[in-house]
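The two complexes that follow have chain A in common; it is paired with chain B in the first and with chain C in the second.
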Partner chain A sequence: MEYIKNLKDKLKDAFHFNSKKERTDAVVRGFFLLATVLSASFIIVIVFFIALEGMIPFVTDNDGLGRVDLVRFLTGTTWLEGTAFQSNLYAVGFIIVNTLYIAFLSLLLSMPIGVLTALFIAKIAPKRIAEVLRTVVELLAAIPSIVYGLFGSGLIIVFVYNFAKLFGVQSKGGNSVLATVLVLSLMILPTITALSEVAIRSVGKDIEHGSLALGATRTQTNFKVVLTSAKSGIFTAAILGVGRALGEATAVSLVAGNARSGPSLGFFQTTSTLTSTMLQGLKETIGIDYDIRFSVGIVLMIVILITNMTLNFIKRKVGNVDVK
Partner chain B sequence: MSNKRKRVDFIYQAITYIASSISVIVLSMIFIYVFSNGSGLLNWGLVVNDYHAQFYNGGIDPVTEFSTTDRPASLGDESYYSERWGVAFSEDIDREGKTIIVVDYVAPDSPLHDMFDKNNDVNEDFAIIRGNVVESIKFYDKNSALAVQGAEHMINELDTENEFREIVFSSLGGGIRGSIVTTLYVIGMTLVFALPIGIFTAIYLNEFAKVNRVTNTLRSMIEVLTGVPSIIFGLMGLAVFVPLTVRYTSADSANLVSGSLTLAVILLPVVIRATEESLKVVPDDFRFASLALGANKTQTTFKVVLPSALPGILTATLLAIGRIIGESAALIFAIGTAVKDDISIFGKSTTLAVHIWSLMTDEPANIELASTIAIIILIIVLILNITVKLISRRFTKRFQ
Partner chain C sequence: MKKLALLALSALAVFGLSACGSTEEGWDASSTITVYTRDTSSGTRAGFMGGIDFDDAAEDDSLLVDGFVIKDNTGIFTSMKTDEYGIGYISLATLDETVKGLFFDGVEPTVANVINDTYGLKRPFNYVTRAMDDYANDTEKDISMAFVAFMATTDGADIITNQGAVPLESTETWDDIKADYPVCEQDNSAVTIKFGGSDSIEKIAKALTEEFAPKCGDFVPEHDHTGSSDGFKRTQGSEKDGDNYKHIGFASRPFKAEEAGETGTQGQLAWDAIVAIVHLDNEVSNVTAEDLKKIYSGEYTTWDELLD
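Showing the complex of A and B:
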């Protein structure tokens, strides 16, 4: 009884306001807090519900098809889907390799271009040209991924197909690792350029002046001092670029060719990524073909998380120059 | 400076020029590609037509009075005119690149106005009109005239007959009216869901929240959403919003509401960040002045801070609209890929971006129509981006 009375007093204190205005404040504040908690809760909703659905293939017997073996799922090299196979033989091991391989190659291609463009915009170009280029990069960033996909499957795969013929290789209409890498590197180029430019521009003037005073030319300073000082910021750009490359779906699904076994390491082989695999078999609304997409989704989230953590770890080891 | 140094410097500089030109080349190639492929289909009819053609079988009672209208002067040379029936056909290409026969003209006294719908006797609105696609004309006493035999053949066959069994014709399909309407619905609903929650969250974080661990956690939980790929949001929509709408509304599968809710979650971090940025720009003096005059926190927020932050919120809205129009991966799951003409918010149908995806994954892919839709999307997105730039330029000047 004593306890309840205490609690009552405490509550009374908490809800006691000196004026009407204070009470409105508290109500409004509570209302806004509610909106904030709602916004923040979505990440939990996402993780929880995708995990819930994605577990089903591994814990139930999938209407008589049998449980999907988790180890084989994560390490296997074939993905058999659809009514024709009616099996539990789903494996994403090779798809994980494909996804990382493609993201890495895309980064390799667009990183130098992006950083050099950023250097040009920030330090070398005349003001007018820099402004135009900045707009170009912004526009590239604003183009929706489906348009990149259209461009890729209309033009790039034709180019890749003809390019492959030069080497005497018959590619599946150009759907290939190379086409996917080209499309993805175009898509992450604006991200990398814009972020690198910010990093380059935030390099302290004194570092630059110091280099110039020591007799280095402008170009030497730009390449050896400015770029080195902006290292950590440029690395951040790379991390975001990889994130985008790993998660990109529609454009990739139009040029990858949806290989069902792998890994595909040759440039002209068809390939498949975690995202393009998720976009297959859309007709299913029930059963293992439906549930397995969520399992792939979990794998994608984990892959992105691990990649991010690894890159951030490397960044801490490498980015030792202080950038303000 | 040594000559060698100069040469090396020149090469280095040249490399940056080349690298920068790549962005320009890519952008122009995308535009050239999309416009050269898509501009052929871009016209008003595309925007107002249905996607799915309606097929009709038109029969006719024995005709007593034939048309007396002469060939109208407005008809071009490529049109073929039947004086007896008062109708003109010509050949055209449809939105999938196939040759078709189109009705060019129907005379006011054409007996074809008396045709009835063989599949639906009570259909009073039944008529063959300009723009319809003629598949075939079937006669009683001779072979049918088919579209593949050409417009001239069809008109000649028709002109020599006093009666026919039926005309099989259809409306011109392949239009994108349904997808445009869906996109507009989705934009509206998404903004209704995302803007209030996003703005309130931004206000809380910027105006009310104390700097402590709880606030930081909430903030970083929202921040994490920006890094989640949109296809994952799509899965979430499929797992959460689709069953939710199916259970509590008349929907029976992915629908416009589930799609909009999913998009709203994607846009929350965008709206929150843009609003917060604009709230931060409002000088603290404004708040202190308002508080000093006796206003409470609520009044200060709604009457002083928010109006000043309005351009920022407008920017957030425009950015959000751009994102909604371009989003495809999440919507493939959360709204479905079925292209429909009758739009209801609990029904299936799809937005322009997903329409492109459907067209591209069809066999064979319809690149022309996809490019035409891409032109529309690109133009809208570009206008939005330029507007955002102009607004934010004026806005940043205001408090300086």
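Showing the complex of A and C:
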């Protein structure tokens, strides 16, 4: 009884407004809540839909082809053995390796360049030049991926083909791990630069001044104090960069060569990623060959989740310096 | 620090420049053949593999030589400008003098040779309309019917020819038959007719509607070409009543058994020739179906095996 009375009072409080202003506040709060629920529920709907479609190959008998073997699917080294629509021997094991390998290499290439660019824009460049550079980076970040893809297939694969020839390697027309890594590095560079720049700019002036007052040079301060202080933010940049690298489909499928077996670890070998595999033929296929692409989607979501969690874990481990 | 950076920069520049510069030493027949193909859902691939008597490989990647590259039509075409040792196949409509189109069984890949039926590597371009009683109104139905009739006229044939495909034989002009289609006398500027299906036929379909719309009351043609499977699916199949429904769909391959629609709603508008292409420097100029099969199955791995 006591409990119900309490609850009643609480409810009364919740719906009792002292003034018109308070009521407006409550209504606005309600709207915000609604917007949040709406945007959050989309994620649930999407995950639910992909999961539902992606489960089909594993739980139904696929019109007589039989269930896809999950362990084989996750560890195999050939995308599809046998004739499409007549075989259920799909596997993405090697594609997972390819995807992570490419994302890692892209990050390795664009991380130093991006962070150094950010440092230059935030700390070293004169104000006017910094403004211009910042706009350029923002522009680069806004270029759609298909444009990067066209650039890649028109220029980068030709470059890689000739580059391979220098080493006496006959590449597959330049379609390769290297070309994919170059295109992806270009794509994630602006993301990393922009976010790192914000992180570097938010490092407290007092820390910097302290370092300078202790006799450190500008360069020493920039590398040993500013960058270390901003490392948490820089890690966030890396996480978002990796996210884009893992999720890019269009540009990758134009330069990767879309290998159907692997893994491809050599720089001049053709390769494929989870996204490019999903994209290939998606618009022209039906049945299990269509559904299995949703299964690849689930794998991709899990890979991204695990990668992000790992990076977040490392980010927490490396710690944080007091940053505004 | 500065010196190191300079050194690194100059090394990078030298590498970059030398990689851009030409390293021509002539065409080397002992090089490995790089095989380019469309993916398993492509109609061109089905047409090509059928044409070289390698039907099983149309939908089975594991029968192909190791290390093949999967690209789309334009991707294969542009790759042959770079890759001296590559071989691929494209629509005849895409072929131009920047790559080398191989003779097939001694016959040059030209429109004339497809018409006189000497060139063997070809596939049909088909259309499918909605079922007769499945249009929203009679105007849409009549315009669709008029369009189908237009495709079979000499006017339609000219447009198809201009787009690089090869039309079926025709004798009548549009002016001869337009009296049978009174709908084209009306003002149809408020009517939208939706076209879809094979993207290989997109260029031809667009050229046809561009020419035909002014002849038929200025109806509004809407093109959304997403692949042969959608041709039937969106006119009479599972998506016929969905948001992506179409009035007329196209397929760049014969309709499959499960795509048999209502009688009289499907037909052929043209032939498309598929042509095997190589880099301009390549010394090979003629192939047989057997040669191509041996290349794609991996029996021939270097070019001199083919030339011998």
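Everything that follows uses one rule, which is that the second predicted complex is superposed on the first by the 278 of 324 C-alpha atoms of A that agree within 3 Å, B and C clash if a C-alpha of one lies under 4 Å from a C-alpha of the other, contacts with A are read in each partner's own complex, and residues count from 1 in each chain.
The criterion applied here is as follows: a residue touches a chain if its C-beta (ideal position, glycine included) is under 8 Å from a C-beta of that chain, and two chains touch if they have at least 3 such contacts.
Worth saying up front: this structure is predicted, and the values here are computed from it rather than measured.
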{"item": "Chain A as common anchor, with chain B and chain C clashing or fitting", "value": "clash"}
{"item": "First (chain B), second (chain C), both or neither touched by A:T99", "value": "neither"}
{"item": "Partner chain(s) touched by A:W79 [first = chain B, second = chain C, both, neither]", "value": "second"}
{"item": "Which of chain B and chain C A:N62 touches, first, second, both or neither", "value": "neither"}
{"item": "Contacts of A:K165 with chain B and chain C, given as first, second, both or neither", "value": "second"}
{"item": "First (chain B), second (chain C), both or neither touched by A:G154", "value": "both"}
{"item": "Touch count on chain A, higher of chain B and chain C", "value": "B"}
{"item": "First (chain B), second (chain C), both or neither touched by A:F32", "value": "first"}
{"item": "First (chain B), second (chain C), both or neither touched by A:L254", "value": "both"}
{"item": "Chain B region in steric overlap with chain C, selected from 22-30, 112-120, 184-192 or 382-390", "value": "112-120"}
{"item": "Those residues of chain A which chain B touches in one complex and chain C touches in the other", "value": "153-154, 219, 254, 285"}
{"item": "Residues of chain A defined as touching chain C within the complex", "value": "78-86, 153-154, 157-159, 161-163, 165-166, 170, 172-175, 219, 254, 257-261, 269-270, 280-281, 283-286, 289"}
{"item": "Sites on chain C touched by chain A in the complex", "value": "1, 15, 18-20, 23, 31-32, 34, 36, 39-43, 56, 59-62, 66-71, 75, 78-79, 82-83, 85-86, 226-230"}
{"item": "Residue numbers on chain B that touch chain A, as the complex places them", "value": "1, 5, 8-9, 12-13, 15-17, 19-20, 22-24, 26-27, 29-30, 33-34, 37, 196-198, 200-201, 203-205, 208-209, 217-218, 221-222, 224-225, 227-233, 235-236, 239-240, 253, 265, 268, 272, 296-299, 301, 322, 325-329, 332, 337, 353-354, 356-357, 360-361, 365, 367, 370-371, 374, 377-378, 381-382, 385, 389"}
{"item": "Of all residues in chain A, those that touch chain B in their complex", "value": "21-22, 24-25, 28-29, 31-33, 35-46, 49-50, 52-53, 112-113, 116-117, 119-121, 124-125, 133, 136-140, 142-151, 153-155, 186, 189-190, 193, 217-220, 222-223, 243-244, 246-250, 253-254, 275, 278-279, 282, 285, 293-294, 297, 300-301, 304, 308"}
